[in-house]
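Below is a structure I'd like to ask you about.
By letter and in written order, the chains are A, B, C, D and E; residue numbering begins at 1 in each of them.
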Amino acid sequence: MEFIVNNFNYWIYVILMMIGLFAMIAKNNLIKKLVGMTIFQTAIILFYVSIGVKGEGATIPILSYEQVHGTHHVEEADHAGEDDSHHAQADLPEIDARTITNPIPHVLMLTAIVVGVATLGVALAISQRIFHFYGSLDEDVILAKIQKGDG
Amino acid sequence: MEIVTSIIPLLACLASLLAVIPIVVFRKSPNLREAATVVAGVAKLSLVLTMLPGILSGKVYEFTFIEIIEGIPLQFRVDGLGMLFALVASSLWILTSFYAVGYMRGLKEHAQTRFYSFFAISLSATLGVAFSANLFTLYVFYEMLSLATFPLVTHNQDKEARSGGRTYLSYLLGTSVGFVLPAMIFCYVKSGSSLSFTELHDWSGVLDPSAALLLLLLFVFGFAKAGIMPFHSWLPNAMVAPTPVSALLHAVAVVKVGVFSVIRVFTGVLGTDFLSTVDVATVVSWAAGATVIISSLIAMTQDNLKRLLAFSTVGQLSYITLGVSLLATQAVQGSMLHIPMHAFGKITLFFCAGAIYVATGKKYISQMRGLGRAMPWTFGAFAIAAMSVIGLPLTGGLLSKMYMIWGAANAQQHALLAVYLVSSVLNGVYFFPIVYRAFLGKPADGEMHDRVKEAPLACVIPLVITATVSVLLFFFPGVFFELTTLMISSKS
Amino acid sequence: MAPMKIVALITVIITGGLLLYATGDFPAWGDPLSPANNSALSRHYIEQSRVETAVPNLVTAVLADYRGYDTMFETVVVFVAGLAILAVLGQGTSRERAAIQRSAERYQERDMINIMTARLIVPVLQLFSLYVLAHGHYSPGGGFQGGVMFGASFILIALAGGLPEALSRLSIPGALLLAGLGVLLYGGTGLVCMMLGQNFLDYHILHRLLPATDAVMARYHAMLIVEIGVAFTVTAIMFIIYAALSSRGRMTGGL
Amino acid sequence: MVEQFPILIELCPLFGAILIAILGFRMPKLCYPITVLAMALSCAAAIGTFMMMLASPSGTVIYDLSGWGRVNDTAISIEYRVDALSALMLVLISSVAFLNVIYSKVRVAQETPSKIPHFYILYLLLVAGLEGITITNDAFNLYVLVEISSLTGYALIAIGSKRAVISSFNYVIMGTIGASFFLLGVGYLYIKTGTLNMSDIRSIMEAIPDDSKAIKVGFMLIMIGVWVKMAFFPLHGWLPNAYAYAPTATGALMAPLVTKVMIYIMIRMMLSVFGPEYVYETLGWTDVVVTLSTIAIVAGSFFALSRSDLRKMLTYIIVAEVGYMVGGAWLANSQGMTGAIYHLLSDALMTFCLFMVVGIVVSRTGDPKLTAFQGLYRKMPITMVGFTIAALSMIGLPPTCGFFSKWYLLRGGIEAGQYHYVGALLFSSLVNAVLFFRLIEMAYYHGAHAHGEPIRDEDHEQYRMHGADPDSQPKETLANAPWSMLGPMLVVAIGLIALGVFNSTVTEWIGQVVANLNVLEGAN
Amino acid sequence: MIAVFDICILIFLVAIAIIALSVKDLLASAMILGIYSFLMCLLWAEMGAVDVAFTEAAVGAGVSTVIMIATVYQTSRKSSD
């Protein structure tokens, strides 16, 4: 069980990614290729998110009010000024990095999701254009038309 | 050996390149344009001549532009062999210029400006090769020459010219890029970043015999301008060019650049001493020997005069390669001497072929029966030049051939010695019938040579001069002889 | 297309095998002491960002400040996507336009229920998206999520009332302007930092411009500014993407 | 302001794009001047950065975004790092992009009249992406920038003809696979090192045992990713159609730069992230990759031979040239790497020049086939001068830069004993010779009067030299292209020769980058 | 416990991915992809990646699905495979 839990995420991400990759290469329909592409990209995101997980005791990467501002009042902290920021640090409660999920993969994956949807949008636009020109989204049909047209 | 840093080699090389500017500027007035060519030729020859006394007294002129790759400068260095070649090329350019004027005007050729421009560029490249101080510089000018002569070869622009040009370029570029370039880099890597002719040739311990053989073959076949079979067929194909081009480039500049490079490889790059220790040069000797015999045999079957001359050239070039590959001192000296001797002889023959074409429009030997009586000067010169090429007494050709035979005997290569002798006979077999028929034969049915006159003076005078020089070289080979001796002695 | 399938299968098997082979070398899933989780970088973000930026949501802090440059390009990616789609689909010829007009007619009769529901949902959605945007420092969310939701509200209008209905509220040129302004807001914030003599996107110097802030709070507020920029762009581009794709670039009809 | 040069390279095109987005749709006339200005400034900033790099004692310039700097020797925000390699690439990219804007003004107005603002915005952002790739020192930022350049690239290709759209779709699929593999590879590095800064990855990796499977697979993924994106031979399928059918300006920008930038990423990853010891010794793949590149060169050359479409032919040459550079980089010696980097520069310029020439020819003759070149020497002499120089460089004849890059690559190949690679290089040079001399001959002689034609009048000849043939197409279509097209082309053609003549200076700069390779060789 | 939940979702994800790729109706495929995204988002939220999950819900399940359906409407619903 331990072994499975430790690696299951990584196995599944590989499987999902391969499903997506297979669809991207082998599927005939352009939209299906894009469905595969989406699965492919989310699989990578799953991989990244899995990197940042820290066991069951860890919380989400958002600190509590006390952790940020200490036990002081907000006004005091705000008026502390530039030089006192180190001073304020002393009053802050200790944070155990092990209890907070690693934020870096999350940040990266936010960007990756955006890139994914951007790519998907552009690809969909291109496939609409292809449909407009060739009247089909099936690669076979399109290739046949190209061959006929270009001799 | 005293080294003089001097800009003269550069100027000599540039003289013809700069001449392109006035040639193009004066494209509308043929007289000025051709005057520019001649002036540049004279300037070039005199620049070369100014270095001659120095060279003879044992000096070496050097000029370095920039270091182009680590350890390899673009550098000129004039030594005996370079001087010899430069002297031949630049003096013949002047004569060819006159001849070209006569020829081109006689035939009312098109695109003459292009012709003269590229002609001048070719000469620069030739001198560049002659003066190169290292293999890299030589390679650069070698390629420049291939490219600059391409428009000349394809001058006629018809289908034949284009296919000839295609063969020409594919053979020359293919071999130089495919063989010489890797061989050169191999040398560079193995020698520890140097390609200079004076620094290389200490190869013992670096190259084993098989590597040396491979390198040697890459170089010898890579410099396809030397025309060793099977990389010779560009030469007959290039005969589609106008005759002045054939004359200068394919009897003098281009092919001699080929053998010059081969001599450089033997003497400057791999070194005769090293080669004699590994005993691989005989492979080249046999290839050259075979080329000599085969080309002579092919020449006998030719009816087109220029093609015949082309195959004769292939054979004569292989003499030089054969001579240098024997590695014996006399043979090497003989092959160096053969450069000017053959140059003067062969250019005369081409001039004659051109003169015949200008005067009568005939290209084939079978049409030339009895023509000698109508054109005595031309065919007289032809006879003398043929003698020189065969190597008969009273012509310069005898001297160089004698040295090569002497070398072959010294090197105990009796079979190769036989090659020289047999081929001389063959040369005689294909040249004499031409002369004989021209003077004594009867014109073929219905052909009349009554109205035939000599070609324009601009054509005839140069060929008479070159024929005379061929004879004079027998009596006064002094300068050339000294230059080659200089090379031999500096080596040993 | 059987050969393609075989090629794909072989590729997939080899790649999958490689990846599975490498998983054996990974630290255990959820290990807080794995190199990635216990790196100096990660610890710095978790422990120091509260001091350096005063933003509780670590993801926002890293996204908008430490890796703010990445996020600017993320915004640019969105911007590029919108423009790319417009460029690819382009303006149709008049004949195409007529054809789509005919096929679009069947969408003309809108369902009353849809429209009324949309009218109810849209304000709530927009308000919530503003909350998501503004509260991104303290809770999940931020410019990107808020922007998507705001864009979605326009998409909802288009779905319910037809694309022209939505376009009358946010035209394509207007949306492009908004998108440009969004990137400008982000890049401009960075540029202002540069003009004040610091490196690009080094927000702390902005305390000279923002009243009543110190270096830390300048970062805090600047992050909000750039998040608003992100939201502008994302709102506009999400709507553009939908508008272009649902009408094949003709901006008429709609689903 | 001086130390802000690195970021200005990036910001000029970015803000140019924003400006066009805000103003350009209302005033399309402004698009072109804004783009030219942005590119010129970017180019100036790139040169400034180059100067900074030269002046800096360590040979590198670090620019820290967000101003966090390093804490405990860990980069906590994204940073720029400019060394000789990236500085050269930056100058190359920005100057090619700048010249291409000028060159393509006429063509953009002809080919995509309704999409001028779109075109220029995407163009600027593509350039920004490419420049960012070469300057950033953050592996994930690199991915984002790769995606920016890809997305803009997809769109710029897809606004072309009918065929361009379908090839663009293939490009999307292949590009996404490539970029995702790269991202995954970065993830594998991250999981083992916990950082994304490339210099930090390198220093942390030194402590990781060499036989780490994750690192090995991560390296493999990154390599496959960039190989897909650079069209390394078996993965090249998307490239020829995409570049051949793209609009002229797009082709002229993307063909020289995009594959080269991907090769830059490969070299950067090999040298700066994984380190030569790891790549060449621990992995021991050099023989395999060099063999692959040999195949790529030979195959690319064969395909190029069989094409009758001009741009198709050039695109297959690009495929072969990618083989040159991958092979050179994997020869595992400093000569090969120097050759690869030098070829990166020279090949970019050669390809650029050729694509510009082909763009001019196709736009003037309207014929995309090789036959378009027939008789062009008389009709478009200036264009043909540029073409000849670029062709000579492609073949590799001195003194053009193509010769010297081949020189270094061959030297590296011989030193490494990879003779099949040497053979492939020579073979490809010969194929290029055949390809280009076929064109030169066609351009030079076709339609020319052969020897023996009645016209021998000298004056007539002059007329023919400079004017159009009376019996050929009408003069106005075949007159020389406008100077806005010819000028940039000539500049690049001169650049080809200049780069060749000053090759030792350039390789001296590159020397710093490959210095650690020398150390490696010394250790052996 | 949470690990079991995790494993269930993961297995479910694989199944849904395969279904999304095998249905011949593209509209259905797009919808199923939306479900896939939602499951993914659930999984990420469970893993502590709340921001990523939020984004995926808004983008992957929302906008992506909508634009995919829009494209299916604009082109053709049938797929040969």
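Everything below uses one rule, namely that a contact is a pair of C-beta atoms (placed from the backbone, for glycine too) under 8 Å apart; a residue touches a chain by one contact, two chains touch by 3 or more.
Everything numeric in this text was worked out from a predicted model, so none of it was measured.
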Q.
By that same contact rule, can you tell me which chains touch chain D and chain E alike?
A. A, C
Q) Which of the two pairs, A-D or B-D, is linked by more C-beta contacts? A) B-D
Q) Compared with chain B, which chain's mean CA position is the farthest off? A) E
Q. So which chain ends up closest to the centre of the protein, judged by Cα positions averaged per chain?
A. D
Q. Could you state the distance in Å from the CA-based centre of chain A to that of chain B?
A. 72
**Q.** Rounded Å distance, chain A centre to chain E centre (Cα mean)
**A.** 13
Q.
Please output the residue numbers of chain A that touch at least 2 other chains, ranges allowed.
A. 5, 8-9, 15, 17, 21, 28, 50-54, 56, 58, 60-62, 104-106, 108, 110-111, 114-115, 117-119, 121-122, 124-129, 140
Q: Going through chain C residue by residue, note those that touch at least 2 other chains and give them in order.
A: 19, 26, 34, 36-38, 41-42, 45, 57, 59, 67, 70, 74, 77, 80-81, 84-85, 88, 140, 144, 241, 245, 248
Q | Every chain pair in contact, whichever chains are involved | A | A-C, A-D, A-E, B-D, C-D, C-E
Q. In their shared complex, at which residues does chain D touch chain C?
A. 4, 7, 11, 14-15, 18, 21-22, 25-26, 63-68, 71-72, 74-78, 114-115, 118-119, 121-122, 125, 128, 132, 138, 140-141, 144-145, 147-148, 151-152, 154-156, 158-159, 165, 188, 190-196, 200, 204, 212-214, 216-218, 220
Q) Inside the complex, what are the residues of chain A that reach chain C? A) 5-11, 14-15, 17-18, 21-22, 25-26, 28, 50-56, 58, 60-65, 67-69, 77-78, 80-82, 85-86, 88-89, 92, 95, 97-100, 102-108, 110-111, 114-115, 117-119, 121-122, 124-126, 128-129, 132, 139-140
Q | Residues of chain C touching chain E in the complex | A | 57, 59-60, 140-142, 144-145, 148-149, 151-152, 155, 159, 238, 241-242, 245-248, 255
Q. Can you name the residues of chain A that touch chain E in the complex?
A. 4-5, 8-9, 12, 15-16, 19-20, 23, 27-29, 31-32, 34-36, 38-39, 42, 45-46, 49-50, 52-54, 56, 58-62, 101, 105-106, 109-110, 113-114, 116-117, 120-121, 124, 127-128, 131, 136-138, 140
Q.
Could you list, by residue number, the parts of chain A that touch chain D in their complex?
A. 17, 21, 24, 30, 33, 37, 40-41, 44, 47-48, 51, 104-105, 108, 111-112, 115, 118-119, 122-123, 125-127, 129-130, 133-134, 142, 146, 150
